[in-house]
Every structure is written in structure tokens, then in C-alpha cells.
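Paired with chain B in one complex and with chain C in the other, chain A is shared by the two complexes that follow.
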Partner chain A sequence: MKTNSLLLKVLLGAYLVVFFGYLLGPLIVMSFTAFNSPSFPKLTPWECLTFEWFDVLANDERILNGIENSIIIGIGTVILSVIMGLAGALMLTQIWPKLRATYYTIVIAPILIPGVVLGISTLVFWDRISIMLGMSTGGILHNGIFLTILGQSTFIASYCMLVFIARLQRFDTGLTEAALDLGATHVQAFRKILLPFMKPAIGSAAVLAFLASFENYNTTTFTFGKYPTLTIELAQKVRYGINPSISALAFIIIVLTVIGALAHEIYRRRQQLALANGAPVSAVAGSFQLPKILSGNPAAIILILLTLGGASTIWFAQSYSPDSCKMDVREQKRLIQEERIKAIREKRQLNIQQKQHQGPDVFGGSKSTAPATQSPGKGAFGNVFDPGNLDKSAPAPKPEKPVTSPGKGAFGDVFSPQNLDKAAPKED
Partner chain B sequence: MTKGVDVDLENVWIRFGNFVAVREANVNIKGGEFFSFLGPSGCGKTTILRSVSGFLEPSDGKVRIGGKDMAGIGPNKRPTALIFQNLALFPLMKVWENITFSMEVKGASKAERRKRADELLDMIALPDQGEKLPSELSGGQKQRVAIARALCAEPDVLLLDEPLSALDLKLRQHMRTELREIQQRVGITFIYITHDQGEALTMSDNVAVMRAGVIDQIGSGHAVYNDPATPFVASFVGENNVFRGKVKSIDGNMALVSTNRTGELLARIATTAQGKLKVGDPAMMFVRPEVLNIAPDTSPAVNRLTTSVLHEEFEGLIYNVFMEGSEGKEIKMSLVNVGKQRQSAEGNNLTLEYVPEQAVVLPAGELASE
Partner chain C sequence: MKAAQLIRDYFVKNGLGLGSFLLVAVLFWVVILIVLPQLSMLDFSFRHHLPPPEMGGPKDTYTIEHYKYLVLGAPGADTSYNVVDLGVFGRTLLAAFFVTILDLVLCYPLAYYLGQSRGGGAIRILVLLLIIPYWINEILRAFAFRIIFGESGLINEMMLTMGLISDPVDFIRANVALYAGLGYAYILLMIFPIYNVIESLDRNQIEAARDMGASWWRIHWRVVIPYAKPGISSGCTMVFMLSAGALAAPQILGGPSSLWFTQIIYQWFNTGGNWPRGAAFAVVLLVACIIIVLSMMRLFKVKIGDIGK
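Now for the complex of A and B:
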């Protein structure tokens, strides 16, 4: 029995290691590649600890532009989806009971329809509408942001609706009646009774909608027009080869996610502890340690964490200079290179000596291959890393803030193209 | 202080599809009255209340409040305030915010609301509890907050939908008195819904007894208890022993009923049945447990019956003796516990007697289910 249970424990442990390795391994490996100096994301050989890829990221116009578009579209989608989702959920509670099942099936359908189909249909539908209205092709109905928001909202609104339905099921309609009875208008009853009750659900639906919008690729790819989102940009980048700045972006997102999740967990635990120790509900809810603007405002907390994180990164980057290390590596490389060149020269001379008549042709060929191996890193080593540039890098992580919260899985997906590429260096 | 206004239901019918929830209700509730609708669950009493508060339009007939027809006027425009069965306190608002909600929606300033909340909290004897959330209050406190919230709206009519049903017995009895006191202090019309006849009788000026959508009787507690209009009222309000039989003879207000098992018994004909009940009609005779007594001797009479004791139950103030009745039912007799030696050993035969004027004869009809 004893050995049996021990075996079981070992097996369980092994399974957990494999399982978490499978889940988190790629993320960890990718995070480390963000700090390695070679210009292709790789973990081995480890050359120099560097922050230059954050700098490259901060100066990558396309990525920044993609993030900006993603955020604009994300906010638009959040607004539209939350409103539509709430309306849809409320409708479900009001609708004639016999129609309820049918209605539910209809509004849930977009979740089941492939995103590609939604993307194409959005494009075709609004194109038709635009033509019907006689608008030019540059009009709002052909605008990439407009179309992407509409296209994504078609199914994200359904996700939101599910969240709202779950919350609404616990709502006592007697409360609305009580409000009406006390003289409130229907609008007041909605605003003062139902909306505060729905607030937590609205929060989670908004986060869900934003994450779903941010990571969406297959619908967006049809509708983005002139406004590529981050996922679109990343996908396009992958085609032309990537550098570790994408790892840097992934690292920022992972860190923000972890910090956000931890902060939320700490807050929740502390609240539970206070309640368990007999603190009254109103006191716990009311005496949140942070100033009023911040209480119950995750965005503000994240912003502060972000600023702190950004500041400390910049400080560290300024105090630590990888230049000497890089010089060493470059020196080493140069030495290796020289040795190779030397070897080639010797070989060539040998060749020349051996086959005097065939010289010039081989000479040209072998010389051109040697510098080619060196070139990809060179551009990045320039003066990118001086402290002046670093200050510019601060805004880069900022627009990222709403990303932090629960959607770890979501972001894992976004970066899958890079994960795939990690295999590449080993073939080199 | 607002003066209560009349509430009139004129020929009100309320239907849900084919189901008739309320049938031809005609009620006249006077201003400042404490009026109760009493009936078993599902009899349509809450439906009537909802039609008064405006959550439901009657299918037919009129609801008037203060003489004004309320058709098409929403609940937020009616001079009524409803206390819900589950109280429906707003869980996310503090107690004082709950109480002054009706002022908030009218745009009263915070200072005004606080002041009024403090007054009302004093009135319901919960000072300094304003900052709490409803979930931190006990059942009785919540109850009082709900009352304060309704009164804060300064309604002309206060509607109460079984507000005490969730409380335990002690608290319920305490709240009865408190509610009655509040009603007398504010002087507005109270319409109270309950299935508990004790509540209805102790608090109300007038009671309407309902059965399956029909109002069987409207009258004071005394009238409903002592002079029921239907067998249903007789059996639903308080306890009653039923004797089925046929009318043998009628003499003025008194009728002699030949019962199936217990011989011929004399009783007063209920007011509503006087002149209608005829010799030979199937009838029901009702004798309350407290009206029955042990006869001094065993000689037969028209106000005496003999039966055997089944078992006994001691309640403290009274003790109940259960005896064999007709159709498998037991006859219950309640005797005040005054320390006398009891003669009711199990299996003994007992001769009971009663004052014929305190027993009631009604045409046979539907009884309340036990």
C-alpha cells in the first residue's frame, strides 16, 4: 500500500510538472528570449542580458499602431457589446415565455458560427448597405474600425449576454416593483436599482469583451481595412521574420496579467479575512484602503502598477549597461569570424596553391557568405540603447493596461506565431 | 399628517387567460381604516392588492382611490405604498438610503433625506442603524425598515402583503401590536393581506374573507367570527366543529337540525341565511370548541350531545379534549384551565352542552380544507 501511494504521488507530481510545463513552458521560454541579445528570439546560446528589445518594441511604429487600433476597437466593442448584451439579456426576461427558448437559440447562435463567416458576412452586408445608400467607398461603412467593431460585436455581445443572464437570474424583480411603487419612474428604477445590481456583471462582461476583441484574428482579418490591429500586425510580421521585441511585448503582457491577477486575489482574500473576523459588510465594502477614485476601479490600480513597473524597468535599464557584455560578445564573434576568415583564407590559399588556374571564381563566393551570418544583429546594436531613447519607451506599455486581467489563455494564443518560431534557431 | 382616503373596488374581475383569479369583488374601504383580506394561499388576495397598487389592471370593473378612478395610472403615480412579502429592501443601499428612496427619486437633497431618515429611524426605534446594510439587520428590524420606507413616501394608502409571514411567532405577535399602533398614529388607510386569521382579527377594523377568488364575507372581526356568512368562513376563521344534517324545523331565528350521528341539535340561523333556509334543506351546524362545555348531567336535550373521548391535549391556558365525531372527524372542546379536576379520561363517554345562540346553522356548502 505504502509504495503504491508513493508511486501514485510521484506519478501525480510528474503529471503536474508535465501539465504546467505544457501550459506555461512556452510563455516562460518566450519571456526569457526577450532579454537575450541575439536578434532572433532564442534562449540558447545565452549571450547578453539586454533590454534593447523593449526599446525596439517602443520604436516599432507598426506594432504601436496595431496596439492603438486594437485598443480603439476594443473600447468600441466593449461599449457596443455590453449595451447589446444587456439589452438582449433584459429582453430574455421580458419576452413571452413561449418564445424564450427560440429567442435564446437565436441570440446565442453567433457564438457557434465560425468567426471567418461572421467576418465575411459583415464585410459583404455593410458593403451592400453602403451601396444601397449610395455612399462612396471611403465612407464610414467601409471604415476598418467601424466594420471591425461591428463584426466582433456580433458574437462578443452574445458572450456578454450570457454573463448578464447569469446575473439577472438572481435579480429579484420585486425590487424594481418596490422602486416603482415608491414613485420612481421606469428609468429611475433601471438606473438606481437594476444597474447597480448589474455592475459587477457589467465589469466582467467588459473585461471579457475587451479580451475577446483584443485577441480576435479570424473575424478582424476580413474587416480591418486600413486599420490593422495588433494581432493582424503580428501575423503579418511573422511572414517577414521576427525579432525578440515581440517576446518583449509578450513579456509585458504576461507580467501585467500576473500582477493584475495577484492584486485581485490579494484584495479578495483580505476582504474575506475581514469578514471572517466579524467586520460588518458595510465597513469592509466602504473602507477600501485606496483613495476613492481607485476603489473598485481596477483600471486605475493597473495604471499605477504599470507606472511603477515601467519606472523600475527604466531605472534598471539605465543603471545596468549591457554594452560591455555586448562588446565582449561582439569581440568574441569577431574573433570567431576572423578565425573563420583566416581558415577560409588558408583554405583558399591552399586551393590556390593546389588549383592555380581556378582562383577568382571561388574567392568571390566564399567571401560573400561570411558577412551574411553577422548582419542581422548589426542594425540593432547601433545607438538604440542610449538613455534618451529609453525615456521614449515609457508610453509603449501604457496602452496595454486593460489587458492585464484574467485572460491569460487569450494572450497565449495571440503570440502563438512566435512560439512556433522558437524552434527555428535550433535548425540554424 | 395625511388623512387616509377611501379605496373602492367596484365589480372587479381579474383573469389570467382562462383562469379567474378574482371574481366580482365589491369592497368599500373607508379612509383611515385597517382593512384585511383574509384567505388561504392562492385565493386571489395578493392579486387584489396588486390591482390596488397598480401592478395589475383589473380585467373588468374599477379601482378607485379617494374617489378617483385609477385605470391607466401606474404604480409610481398612485398614492399607495406597498410592503412586499419578502420586503424587497434594496440590498445595495444603506438603511437610510432605503428609507428615503421615495425622496431621492423626487430629487430631494441629501441633507433633507438624512433628516427625514433620522426621524423615521427614531419612529421605528432603530436610531443609529442608518449606516448599515439591510443584510446586517435582523428580521424584525428589516420589517420595520420596510415600513419606514413605505411611510416615507407619505402614501394615502399603505398596502401590506403578508409582511409578518417570515417572522417567528413571538416577533409576529409583537409586530402586530406595533403595526396597529403605527396605523393609529399616522391615520392612513392600511390594507393588509394575510392567511393568518389571528393577525386579521387582532389588527383589523374590517376583514374580507376570500375563497378561490370570491369574497365570501366582509365585516368586523366579531361579525366574521361569530356570524359567518358561509360554511367556508365558519371553518376558515378560527376553529369550528361541523355537524352535517337537514333542517327539521325553524322557529324564528332558531333552527333544529337533525344531524347524521349526534341527534337533533338546536342553533341560531346565521344572519345571511335567515329567511332563506327552509325546512328540509341540507344544512351545516357549527359549534366552536370554546362554546362546548361538559354538561352537569347526562339527560338528553336539543343542545346536548353524547360522545366518547379519544384523546386530550394540554396547551397551558386551555386544554383541548378530542372526541369521536361523524365522518371520522373529531369533535374538539376547549376548556379553560382553571385548575379543576378533569373528568375526561380516555374512552369515557361525555355529555356536552352549549348555548344554542352561540352555535350557527348555515346552508350546506364548501368547507375550508384543513
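Now for the complex of A and C:
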């Protein structure tokens, strides 16, 4: 029994490792590629620690423009979908019971409808409307921002509605009735009773809506028109050529997400603490009691460590220059390439030797000893004029004439094995 | 009569201003954003492909040529059915089904573990770790898989250095990257519904079953899974619909020889320039997904109201 439970624990641990490895591994790998110097994002081989990709990212007009469009569309979507979601949730509590199931199916359907279909239907519908109204193709109904906001709100409002429904279930309608009995108007009751109660839900629905809008691709790709969002730009970059500046962007987004999530977690912890102590949240939030918060609050510890890490990274990035390392890598690559060239040349020479070997053999056996005795001598010659030796001598003049670095190729040509071989017989 | 009474009640309860505001907002959403665009897409899919000036003219009549095209192919083609598009369609649905099963198998144990362990800081952190990948852009997640599975990607380089393989394996062409990426993209939509349901399962039921001598798989089969069925079906529905309708992951991770049905739709809208045909294909995708999901729900006896909880 005991070994059994131990086995189970080991299995569970292994499973958790695999699962979270699958979940987080890709993100971690991607983050690290942002700091590697090769121009194709990869982790292996690790060449140089570099921050240049962040510079590349910061100077990328299209990305910056995409972020701007994304923010505009995000704000529009948040406003529209929070309003529609709230109205939809309130309507659900009041609608004729026989209609309720149908109504619920209709407003929940956009979550299940493929985003592609939503994008297409929005595009087609407003296109037809604008034709019906006789509007030109440049009109508002063809505007990418307008269409994208509508297309995204269609399903994001459903997410918001789900958040509101969950909160509304705990709402005591007696409160509104009491307010109305005491002479408040409907609008007053709504503003002073319901809205304050819904405030946390409105906050989380807004955040949810903004994030969903920011990362949406399927719907936006049909509706964006002349206003590509960040996601669209990213998709185009990823599809038609990758460089690590995308990893750098991913890294920034991941760090922001982690910080946001941890901050939220800390806030919730404090709230719970406050509730447990019977004090209002503001009391706990107001007083600064670091040690108590830190004890038994891993999220806070991680957040602080992250901030420290981030700050030190930024400091390091300012003082660190990867140039020397990059030179080293370039030098190493050059050496490897030279090795390869050398190998190829040797091979070629060997081939030529073999051919010459075979050449005299064809002419008969009487002379056959002569080439055999000659060939070691030729080999010695070959060694003297070995391209490897040349390469060793070649870099020597290089520093004197750095301008003629392409001339190295010319040099190499002059001393290339073929030419040498042509010269060698003459000297013979 | 009854309807009029209901409407009057509604305005008495909410007041005229607020009541009409709510009504307008809901009607705008339901009618203008949800229902009419879908109907207009359906209508559009039965139209001829015409240049804009001729729309609404005498040539603008109803036709089923686009649906015919999907089934039979271009007129005069050498095969009697549109093998390419239908094949892609079938493969998309099959692959989406496969991805759903993969996610379910991966998620169920974790959802059970999280749901049955009592709170605690460690569990909260695990849940946070689960949520974080979901807020990273879909494109970036697919991009990460390309870094890992690419020809000079992490896995190939590692296996090459360890000497397991002598030539890089083309994961992209073999669609391994695509399935891994799709499963990854929607994994959270599987785990949270199941987790939420299992969290509310009374532990005493499991204890009781164990005391009665049930083996662990029997406990799951007879107690946990029947209880978690709404969560499981809701998770499966969402993962299936979203994978079948995915566009980003297939575009980035898909092999050169394997298309996703959404990519064909995309092509008709962009490079193909035949909107009605794209709309017809989108309608087919939508209808097929709805039929599959409804029949699965019928099979497992769950209601649509359970979805989205």
C-alpha cells in the first residue's frame, strides 16, 4: 500500500512536470530566443547575449502602428461589449421564461461560432448595407476600425455577459425595490445600487474584453481593412519571415502578463485577509505591512523577485555590449568555414593527384615506377603549397591592408590549388 | 395580449428610460450583430459572384453553384467530386476531433487533481500558471511552437547533438507541430470547465466509493466522470469548435501540403476574390460544427445551458 501511494505520487509529479512543461516550455524557450544573437530565433546554438532585438522592435513602424490600432479597437470593443453584455445579462433575468432558453442559446452562440464565420458575416452584412444605402466603398461601413469593433464585440459581449450573470446571481433585488419604494427613480436606483454592486464584475469584464480584443486574429483578419492590428502584423511577420524581434515582443508581453496576474493574485489575497479579519478591504490595502503580506504569500514574493530581476536586467542591458562576443562568434564561424574550405581543397587536390596517378598508368607498365617515385616528391611540393599553409600566411598581410579584405578572395584565387598545380610542373 | 402585458410589466419594472436603453442595447446585439449578419452571409452564399455594380441587378439571382462547387468541383474537372476541398474539410474535422481527445486526456487528471486538493498557495500558483499562457497572443504561441519544432528548432538540434537522429525531422510537414500547437492553444478551455465541476464534487462520495472497495478507475468511471460530464462536454465542445475554426495555428504551423478548411475560406476571400463562394464554405463549416456538437450533446445527454459555466 505504501509503495503504491509512493508510486502514485511519483507518477503525479511526473505528470505535472510534463503538463506544465508543455504549457510553459514554449513560452520560456521563446523568451530566451529574444536574447540570442542569430537573426533566426533559436535557442541552440547559443551565440551571444544581446538586447539588439528590443531596439529592432522599438524601431519597427508597423508594429508600433499595429499597437496603436489595437488599442483604439480594444477601447471601442470594451465600451460596446461591456454595455451589451450588461444589458444582455439584465435581460436574461427578466425575459419571458418561455423565451429564456432560446434567448440564452442565441447570445451564447457567438462564443461557439468560429471566429472566421463571425468575421465573414460582419464583412458581408455591412458591405450589403452600404450597397443598399448607395454608399461609396470608402465610407464608414467599410472602415476597418468600425467593422473590427463590431465583429469582435459580437462574441466578446458574450464573455462579458457570462461574467455579469455570475455576479448578478448574488444580487439581492430587494435592494433595488427598497430604493424605488423610498422614492428613487429607476435611473437613480440603477446608478446607486446596481452599478456599484456590479463594479468589480465590470472591471474584470473590461479587462477580459480588452485582452480578448487585443489577441483576436480570426475575426479581425477579415475585417481590419486598412487598419491592421498588432496581431495581424505579427501574423504577417511570422508567416513571411521571422526574426527574434518577435520573440522580444513576446517576452515583453509575457512579463507584463505575469506581473499583472501576480498583482491580481496579491490583491485577492489581501481581500481575503481583510474579509477573514472582518475589516474592510481599504483598511488592509491602506496599511503597509510588508512582512505579513510576504509570509504565506508566494505570489508577492515572486512578484518582488521579478521586479528586482527586471530592474537589474535593464541596468545590465545599459552597461553591457555584445559586440566583442559577436566578433568572437563571427571569428569562430569564419574559422569553421575555413576549415571546411580547407577540407574541400584537400579533397580536390587528392582527387587531382589520383587522376595524375591514374594518368601514367594508362600509358604502360615500363614507366610505372617513375610516377611512383615522383609522387612522394610531388606530395612534398603539395604540402608546401598546401592551401592550409597559404591560409596561415594569408591573414598576416591582412591587417596591413584591411581595405582589401575582399582581396583575400583574390589572394586565395591566385594561390588556389589549381593554379599551384599548374605552376608546380613548371618548376619541376 | 399576454405579450403586451409583459412589455408593460417590463417598463414598469425598469422605468421608461432605462428600460428602453436596455432593450435597444440587447436588440442591437442580438439582431444587428448576431442574427442579421449570419442570415446575410447565408443569403450571400446563394448569390452569383458578380462585380459590385451588378449587385442587385437582373443578374443577381439565387444559385447553388458554390455549394455544388464544394461537392462536385469545378465543372469539367476530371474527378466527379471535389476531392481536394472535401478532403480538406474531412481532415479538418477529424483533426479537430483528435485535438479534442488529446486535450481531454491531458486535462482530466490535472483538473481532477486541482479540483480535489483543498485550496492552498501552491494550488493557487498552479492555477495562475495555467492562466498565464492563455493571455499570450495566439500568434505568438504558434510562433513559439515554430521555434521548437522548426528544422533547426530546439527538438531537432537536441536530438542531433544527442545522436538520436542524423538528419533533422520535418515536424512541420508531419503536422506534429500543428497538432501540438492547436492542442496548446485551447487547452485551458478544456481544463477550466472540468475543474469547476470537479471542485464542487463532494469528497465524501469518493470516500464512500473507496470504502465500498471500488478500484480507482471504477471510482472515476462511476462517480467522478458522470458528475463531471457537463464540464467535460462543455470543454470538448469549445475545443472542438475552436480548433475546427482555427486559422492562425494552421497558417503558421501547417505543413505545405496540408490545408485547414478555414484557410480555403480565407483564400476565397483574399487571393481568390470570390466572396460568395467563401461565404458558402463558411456556412458549410458552421453547419457541420453545429450538427456535430448537437449530436454529441444528444449522445452524452447534456444541455446547451451547461456550456459557458
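The definition used in the following text is that the second predicted complex is superposed on the first by the 288 of 428 C-alpha atoms of A that agree within 3 Å, B and C clash if a C-alpha of one lies under 4 Å from a C-alpha of the other, contacts with A are read in each partner's own complex, and residues count from 1 in each chain.
Here is the rule we go by: a residue touches a chain if its C-beta (ideal position, glycine included) is under 8 Å from a C-beta of that chain, and two chains touch if they have at least 3 such contacts.
Computed from a predicted model, the values in this text were never measured in an experiment.
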Superposed partners chain B and chain C on chain A - clash or fit: fit
Partner chain(s) touched by A:F222 [first = chain B, second = chain C, both, neither]: second
First (chain B), second (chain C), both or neither touched by A:A14: neither
Partner chain(s) touched by A:P114 [first = chain B, second = chain C, both, neither]: second
Partner chain in contact with A:L350 - chain B first, chain C second, else both or neither: neither
Which superposed partner A:F197 touches (first chain B, second chain C, both, neither): first
First (chain B), second (chain C), both or neither touched by A:A101: second
Touched partner set for A:T185, first chain B, second chain C, both or neither: both
Partner with the higher number of touched chain A residues, chain C or chain B: C
Partner chain in contact with A:L249 - chain B first, chain C second, else both or neither: second
Minimum C-alpha spacing, chains overlaid - chain B and chain C, in Å: 8
Chain C-contacting residues of chain A that also contact chain B: 185
Touching residues on chain C, where the partner in the complex is chain A: 3, 6, 10, 13-15, 17-19, 21-23, 25-26, 28-30, 33-38, 40-41, 44, 52, 55-56, 106, 109-110, 113, 121-122, 124-126, 128-133, 135-148, 150, 152-154, 157-158, 161, 184, 187, 237-238, 241-242, 244-248, 251-252, 262, 265-266, 269, 275, 278-279, 282, 285-286, 289, 293, 304-305, 307-308
In the complex, chain B residues that touch chain A: 53-55, 74-77, 80-82, 84, 86, 88, 90-92, 94, 101-102, 104-106, 131-133, 135-136, 149-150, 153
Chain A residues touching chain B - in the complex, by the definition given at the top: 172, 174-175, 177-185, 188, 192-193, 196-197, 280-282, 285
Chain C-facing residues of chain A, complex: 12, 15-16, 19-20, 22-27, 29-30, 33, 40-45, 83-84, 86-88, 90-91, 94, 96, 101, 103-118, 120-125, 128, 131-132, 137, 150, 153-154, 157-158, 162, 185-187, 190, 211, 214-215, 217-218, 221-222, 230-231, 234-235, 238-239, 242, 246-247, 249-250, 253-254, 257-258, 260-262, 265, 296-299, 302
